[in-house]
Each structure stands twice: as structure tokens, then as C-alpha cells.
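Two complexes come next, and they have one chain in common, chain A, joined by chain B in the first and chain C in the second.
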Partner chain A sequence: MTNSTFKENNALFWHKIFYRTVVVSVDENNNPTKTIEKKRSKALLWFLLVAVIFALSCCFINQPKTIRLDQIQVIFGQMFSPSIWSLKTYDQYWAYLFNTAIPAIWDTIEMVLIGTTLGTIFAFPLMLIASSNIVVHEYIYQPIRFFVDFIRTIPTYVLAILCTVFFGLGETAGTWAIAIFTLGIMFKLMYEYIDTCDMNPFEASISTGASRLKAFCVALYPQVKPMFFSNFLYTFEINIRASVILGFVGAGGIGQMLSNAMNAQQYDKVGAILIPLFVLVVCLQLLSGYLRRKSL
Partner chain B sequence: MIKFDSVDKVYSNGYKALKNINLTINDGDFVCIIGLSGAGKSTLLRTINKMHDITSGSLVVNGDDLSKASGKKLRLIRRNIGMIFQSFNLVNRSSVYKNVLAGRVGYHSTFETIFGLYTKREKMLALQSLDKLGILDKAFVRADQLSGGQQQRVALARALTQEPKLILADEPVASLDPVTTLSVMDDFKRINKDYKITIVANMHHVDLALKYATRIVGIKNGEIVFDGMPEEVTDDITTKIYGRALKHSEKLGDLEKHD
Partner chain C sequence: MKKEKNRVSETDRLEREEKHKNSKLNKLLTKLHLRGYDTYLNAEDAYKKRPMLWIYDLVIALIFVGVVLYFALDINFMSTVTYNGTRLGELWKGFINPNWDYFFGINTFRFSESVIYKIIETFAIAFIGTTLSSLFSIPFGFFASRKIVGKYSIISEFILIVIRTFPEILFGLILVKVVGFGSFAGITVLSIHSIGMIGKMYSEQLDVINDQPLEALDACGASRLSRIKLGVIPQVAPNFLSVILYRFDLNVRTASLLGLVGAGGIGYDIWVNSQFNTWSMLAPLLYGVVVLIILVDIVSGLLRKKLI
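Then we have the complex of A and B:
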């Protein structure tokens, strides 16, 4: 075999692996008369790769020697009934839930609402500058994207600790942590959405003598508005859940109360806090789902 | 008045879209630019409001030298020029009324635009424009609920609301059916006659251009190969513009039946 035929066979071999033949038409004996080639799907390959990585990870992860499922019953039992050393009766349990937990949750909602709103206000001008179809110059929008992406790499947890350093323990720190966190999410979600907007009305507006900012107001903002509110609600929802974590590092709100109760192993208090929190998160999800469906 | 004086346009990739264009369009004209796809019709039209820059030569629109205009000055020139597009270019999610009012943005500051602070006269102007085109009843309907012909009328109303001296139309009827095409073209004709607004339109259909225009400009490979009255367009001329004579089936047809 000469070197060149070997090369040809080799190329044919790889071609058969990457492409398959699709029949377009057949003659009366069902023999193909016309065919085209289609690139094979690589889905199976990717699936196998992920499966292998998953299997290997399972081998190397530290597995607990025993799994104590019976503890579920113990913990839940303690969480949803009074105990001898903190909330002694059901009256005290409900009083704690309504008079202490719910007002603290209300404080958390206020904190999250202010933080989310502030973050969104900061994100707004930045997302306009970061949109490649509004600001066409790459040397302007790329640095802005890089800057906010840099902020986004800081985990919420670390952000909250940094804020408690700047503003002291309490809700101010939590509010600012949420604001910065929101800035990152809203910025990313919105500039990517603005990039996909229909630019035809924008062009029409420019042709009537509008500046780019005015053209954005009349031609793009109406397209962006429903997504903007939808993302605001979505971010608000995420922030309510994130705020619990923030409390664990002393950034105020319901999380702080939860963290105190857990550290003191007062699981009845933990339960009394979790019940209204659960109700809040579910209600919020339903409400934001409804509002988002309506606005889109 | 629009005056092209040896205008050239070379795209950044080196493609010569316009070559030595000399053309004067008088006030009140209804000019149709005809030619093959890619002949430079669109480029020619878009240089008039500087949506495209020219590479050399001079272009004067209503006394303003466009090659020197930029920023604020260019925007002031543009607000006197309406523009109509093949795909209507309306904000689909907004109401017809809001789309039409957007024609006034050039007369307002950014602050006024953000808060939609239009004067009472402008609001009436927007509604009157819709009335002139017979779609006043659609004023508070979302733009994407309208048919193609109605959407193009909204775009025309938006242009009228600018109170322009000139309307540019880039393939205004190319995405409409033949019957709607004729009624939209009738609207153009009426606007041209009743409000003395100059109209420059790009057209696919020769017979449509001949029916409505007061003047025909034929363009081929970026050069003007014909400039004259519709009556002067013979088969020889269309051969010059399109490379060969048009067959009957390539015309829109049935124009008389509609009248």
C-alpha cells in the first residue's frame, strides 16, 4: 500500500465516523438513488464523558461511614414542638412565631427590597453602557462587562462579611451586600437581553433625529421593560433566600436570628422561624411567577 | 431640494456602492428609484438622511451640507426627514399612538423623552396623522395586532408626525400583498399631493413606480443609468436597468382592475 492510499483510507475512516448518510430517494428495489451526508450528533459522546467523570468523582468523594436517617425524625420533632429548655409550651411557641419571628422576617423583606432596588438602580446605567447594540464601541462596553464580572466573582457570603466590616453588624451591611449582589445579576441578565432586542425600531428612531439614548427610551425600553420587571422579581426572590445566609455572618435579618437559635441548639426556635419563612418563600414564588407571566 | 454632486460611496470592505452620482430632486417630487437588488438603491436613499456616510462628493439636503453635519446638527436635519422601511420598524409591544408620538422625539430633550412629556399639540398631531391615514380607530391597539398594510400606515403616520419636508421610503411595499400595496401607494401619492411633501421611494416593481412616480431614477451597479419622466421609460430603458426586458409576468399586473 502506498503512502497516499493509506492517507485516503485514513481520511475515509474518520469521515465515516463523523458523518452518516441519509437517503433522499430510492428506486423500486429500495436501493438508494440519491443520498446526502449529515454530521453525526455528538450527544452520546458527551453523555459518556459526563458519565465517566461522574463515576470517577463518586469513587474519590469522602463518603460517610453511616447515614443516620433516624435523625430526621429527631430534628423535626424538636423543631415543631415546644421543648423543656427554651419555648416551654405551645402558647410560647406560637407567641415566638408571631411576635418575634414574623417581625424579623418583615425586617428582612424591607432589607431585601431596599437592597434589590438600590442594586437595580445602580445596574441600570451600567447595563446600557454594556450593551453592544447601544454602545457600539468595544473599548467602552468590554471594560464595563469585565468590571462587573469581577464583582460577580465575589461570593455573596464573602460580600456580606466585607460589608459587615465596612458598615458594622446589622441590616445596613445586609442591604449593601444584597445591593452589590443584585447589581451583578441584573447587569448580566439585562445586557444580554438588550443585545438580542429588535433593532429595527431603534434604527427608525435614529432616522427621526433621536440621539441613541432617546432612541433607547422609545424603541428599546418598551421591549426590555417586561423582562426588566421579571428579572427584578426573580432577583428579589433569590435575595430573600440569600438573605438567610447573610444573617449567618451577622448581616442582620431573619438569618441572624436563625443562626443564633441553631448555635444554641434551640431547634424549636429554628422551627418557629422556618415555618413563616417557608410560607413567605412559597407565596413570593407564586406571586412573582404570576406577575412575570402577566408582564411577559 | 436634494442635490447630489459627484457622490461616491465605498463600503469599508472596499465595495463601491455608489459611483459618481449627480442628481437633483426638487421639492414636491415623487421620485421612484428602480433597479436590481444590490444595485445601490438602498444605499442611495440612506445617504440622504446620512444613515450611510458618503465617501466623496457633496450632498446638500434642504440647504444643509450633509458631509459637514454630525451630532446635534445632523439630528436637527434628520427630524425634518421621515423614513419608511420595508419591515415597518414599529415597536411591536407599544400602542400605535405611542409609536406615532415617537416621531416627535427629535423635538424634545432626553429628560422629556424619558418621561413622555409631549405637548398637547403634539398629541393631537399624532392622532390627526392617524386620522389622515384612516386608522384612527386603531390608535390604542398594540402595533403587532395590526395587519401589514395597517402597520405601514402607522409608520407613515409616524413620519407625518415629524412634520417633515421629505419622506424617504426604502422598499415600502415589498412585504405587502398586491391589493394592500396599491392602497398604501395611494396614501403616499395623497401625502405627496395634499401636504406637498417630497417623496423618494425605492421600488421593486417597475409598473408600480411608473404608475405613481412623477420622476423615475434607474440605477445599475451604483450608477444612474436613467433619470426622467415615467412616460419616457421604454423597454429599452428597462433593459438598460435590469439587464433584459421585463416579461409581462414579472410585472405586478391588474393595476387597472383595482381602479
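Then we have the complex of A and C:
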């Protein structure tokens, strides 16, 4: 076999892997009269790729020494009833819930509201400049989008750590971390919405001699307003959930209480903090979902 | 006699209406959009008498600002700020001169404690966690879809909400107690916690599928399995995959976070180095996390564009 035929065979082999022949029509003896070549689906290839990455990833995972499944039962069993180690009676449990947990969550709400407001105030001018139908120059809106997208990639806890360096340990650092985090989310959600707004009223008011700001107030602001509020609430809800993390790096919030209670194995305290948090988050989710559905 | 007394003449009625229209209260109510418009023939007139809707925005904004200011006083906002020039200078120095030996794991550092190893570990945790949870959430998604299960879907929906609202870091704390420190705990956290969102998105996608292919298959006499294979899967597969990719984006962030509680990944080193103020060690870790997240963002964005 010469080298050239080998090459041809080789090419044929790869061709057969990626293409298949489909019979279009047959004669009376069921012999194919016309066939075409179709590309095979690449699903198998993608599946193989995922499997290979999965297998390689498994090399980096440590093997657990002991799996103590009874701990799950211990933790969840003690969460919603007082244990003898920390809160002895139901009276103390409810007292802890109402006197310690709810004020702590109220502090978190205050922190998150201030942070979300600050972030929204920063995001407002940026999202106007970054929407491609108000500012038509690509050299202005692309750098701003790139910059805020870069801020958005920094995880929340990293922001919180950096803020604790600048603002000291406590709720101030958490508030600023939430503000920067909100800036990214709010910016992304809003400029994508403004991009799809109806621009005819805007152009009409420009053509009557209005300035761009005035035209925005008259024509775009009524379109943007409901979405703005629902996005604000949505961001607020995300931030409430994210604020649990802040306590773990010393930036205020209920995270510190949670981790202290977990480390001291006082699971009933964890449960007492979790119940009002659950109620709050579920209510906010329902409300923000309702508003988003209404404004879309 | 009484009836005649009460009867009002036409002119009287018009006069009274005119008086009512020009009364101060009515003008105010019209201005505030609490009472309907009159009809104006002339555009200029209508413009002059337009309701002042901005008053509502102003009042809401003022109340909101008051609430925020009160809250700021309540938590002593900006009270812990102290200017510490040398500390910030050290931070800046650390960030412009990061410890590249630590990043690549050369010279005094072993590869297994370098930043690159930690990044790959974080990626591995996120990848395995997402893959497993995308498989686990298929039954949850099917049972939470109103189109397939009917009104009993609310049970699965409730389970999904509970999983979604449970803070992932607390989940990490609990599972570290169960399976011990290390990346295996991270996988378990991610593969359970992601079910909440992926299952919800699955059920949303299943709710909006088109019925017509299913009816056509029914008319051909297709079996239940082939109806799912030919009618449901081709419709939902691209959306499911894009949901998984989106969640993978988020899971990379979560995997890097879970190190804070000792569930593997890069977070533990970030926490330790930030506690001991070793900024030149912290800087390469942060650069690594940001690079990893940007890369995953770009790749998953490209793949999602290809899917839809």
C-alpha cells in the first residue's frame, strides 16, 4: 500500500466519522438510487468532552475519611427545638428568636437597604451612559460596560474583605461591599432593559426641540420606572441573601452569629436565626416576582 | 308643595356645577390626578392644566431618603472608618508586587499549595457540583412543572424554594461537619444547593413547551417514551443546557466562596491571608479568582450563544 492511498483511506475514515449517508430514494428492488451525506450530530463528542473534564476534575477532589450521616439528623433535629446545651426551654427559644435574632436581622435589613440605595444611586448615571440607544457613540458606552462588567466578576466576599481594609470591621464595610455589588447587578439589568425600550417617543420629543435630558424625562422615564423599582426589589432580595456571607469575613450582618452558633454546636440558635430569615426572603421573593411579572 | 321646593332649575344646576369646577379643592384634586380630566379643545390649555404627577415621585423619594438616613444613623454608618495610611500603603504595595512564586508554585512553594492548583480545584468543585446537580434536579424539575403533574406540583415547588433560600455558606458549615473538611464537602454543597435554582428553571422551561408536536405524535400512535424522546427533549434540551451553563457561572463563584468554611477551593487561602494581612500573598489569589471567573464567563457565554 502506497503512502498516498493510506492517506486517502485515513481521510475517508475521518469523513465517515463526521458524516453519514442517508438514502433518499430507492428503486423497486430496494436498491438506493440517490444518497446524500449528512453531518452527524456532535452530541456524543460534547458528551465525551464533559466526561473527560469530569474525570480530570475528580483527580483534584480529596477522598472523605469518614462520612457521619448521623450528624445530619443531629443538626436538623436540634435546629427547631431547644436543646439542653444552649437554650433550655421553649420560652428561652422564643425569647432568643424575638430579642436577639430579629433585631440582628433588622440590622441586616438596614445595612442592605443603605447599601442597595447607594449602589443604585451610583448605577443610575452609569446605566444611562451605557445604554446604546441614548448614547450612540460606541467609544463611550463600551468602556463603561467593560469596566462595570469587570467589577461584577469580583465575588462579594472578596469585596467585603477589601472593604474591611478600607472601612474597618463592622457594618460600614458590609454596606459598601453591598453597594459595589449592587452597582454591577443593577447596571447590567437596567442597561439591557433600556436598550430594548421603545425609542419613538424619545425621537418625537427630540424633534420638537427638547434637550436629551428633557426627552429622557418625558419619553423614557415612564417606561423605565416600573422596571427600575422591580429590579431594585429583586436586587434587595439578592443582597439579603448575600449578606449572610458578609459576617464570615467580619463585615457585619448575621453571618457572625450563625458561624459562632455553629462552631459552639448550638444548633437551636441557628434555627432561631433561620426562621425569620426564611420568612423574610420568601416574602421578598414573592413580592419581587409579582412586581417583575407585572412590569414586564 | 315640597317637591316644587326641591326642584332645581336648569340654570341653577349649571351655575352650581361651574362653581364646583372652579372651587379650589377640585382644582387641587385635578392637579393631583385624583379626579378625571376635563376635555379641552385647545392643546395649550390642556398642557397648562396637566396633572402634576411628579409630586408623587417626589414624596416617595423624600420618604425613602428619610428612611435611609434614619437607618444610617441607626447602624452608625461610617463610624468605624479610620484612616490608616501605612496599612493602605502596604496593601497597594502587595497588589502591585504580587508573589508570583506563590502563583505558579515554583522555588520555595510546592505545586499542590500554589494558586494555580487552588484555581483548578475550585473549577473542579464547580464542574462536578454542577454536573451532578443538573442530573439530580431533573426529577425535581419534572415534578414541579404544572403542565405535567398538575396541582400537586406545589409540593416540589415548595421543596425547591426551601433549598434555594437556605444560605449556601450555612449548608457548607453543616456538610463540613458531616463529610469532613476538603473539596468533597464543596461538591456535596454545590450539588444539593444548585438543585433549587436549576429545578425551578427546568420546570419553567417545561411549562412553556409547545403541545402540537406531542399531539402529532399521539396521532401517530407513539408510545409514552418516544413521545418524551421526540416531543419533549428536542424542545427543552437547548434551554436546559443554557440553564446549566448559567448556573455553572454562579457555581464557580460559590465554589470559591465555600473555602471560607473549609469546604475546599481558593476561599480558605483568601481568608487566611486577609486575616494575617499578607497582601503580597493575597494579591495573586484575588487575581487568580478574577481570571478564573472571567474565563468561565466568556466560555459559557460563547457556548450559550451557540446553543440558542
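Note that the second predicted complex is superposed on the first by the 217 of 296 C-alpha atoms of A that agree within 3 Å, B and C clash if a C-alpha of one lies under 4 Å from a C-alpha of the other, contacts with A are read in each partner's own complex, and residues count from 1 in each chain.
Note that contacts are C-beta pairs under 8 Å (C-beta built on N, C-alpha and C of every residue); 3 or more make two chains touch, one makes a residue touch a chain.
Just so you know, these numbers come straight off a predicted model, no measurement behind them.
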{"item": "Touching partner for A:166 - first (chain B), second (chain C), both, neither", "value": "second"}
{"item": "Touching partner for A:204 - first (chain B), second (chain C), both, neither", "value": "first"}
{"item": "Touched partner set for A:253, first chain B, second chain C, both or neither", "value": "neither"}
{"item": "First, second, both or neither for A:271, with chain B first and chain C second", "value": "neither"}
{"item": "Touched partner set for A:82, first chain B, second chain C, both or neither", "value": "neither"}
{"item": "Contacts of A:155 with chain B and chain C, given as first, second, both or neither", "value": "second"}
{"item": "Touched chain A residues, chain B compared with chain C", "value": "C"}
{"item": "Which of chain B and chain C A:184 touches, first, second, both or neither", "value": "neither"}
{"item": "Contacts of A:218 with chain B and chain C, given as first, second, both or neither", "value": "first"}
{"item": "Contacting residues of chain B [partner chain A, same complex]", "value": "49, 51, 75-83, 85, 87-94, 98, 102-103, 105-106, 108, 110, 113-114, 155, 158-159, 162"}
{"item": "Of all residues in chain A, those that touch chain B in their complex", "value": "198, 200-201, 203-211, 213-215, 217-219, 222-223, 225-226"}
{"item": "Complex contacts: residues of chain C adjacent to chain A", "value": "64, 67-68, 71-72, 74-82, 87-88, 91, 117, 120-121, 123-125, 127-128, 131, 161-162, 165-167, 169-170, 173-174, 177-180, 182-185, 187, 253, 256-257, 260-261, 264, 267, 270-271, 274, 286, 289-290, 293-294, 297"}
{"item": "Of all residues in chain A, those that touch chain C in their complex", "value": "50, 53-54, 56-69, 71-72, 75, 107, 110-111, 113-114, 117, 150, 153-158, 161, 164-173, 175, 241, 244-245, 248-249, 252, 255, 258-259, 262, 270, 274, 277-278, 281-282, 285"}
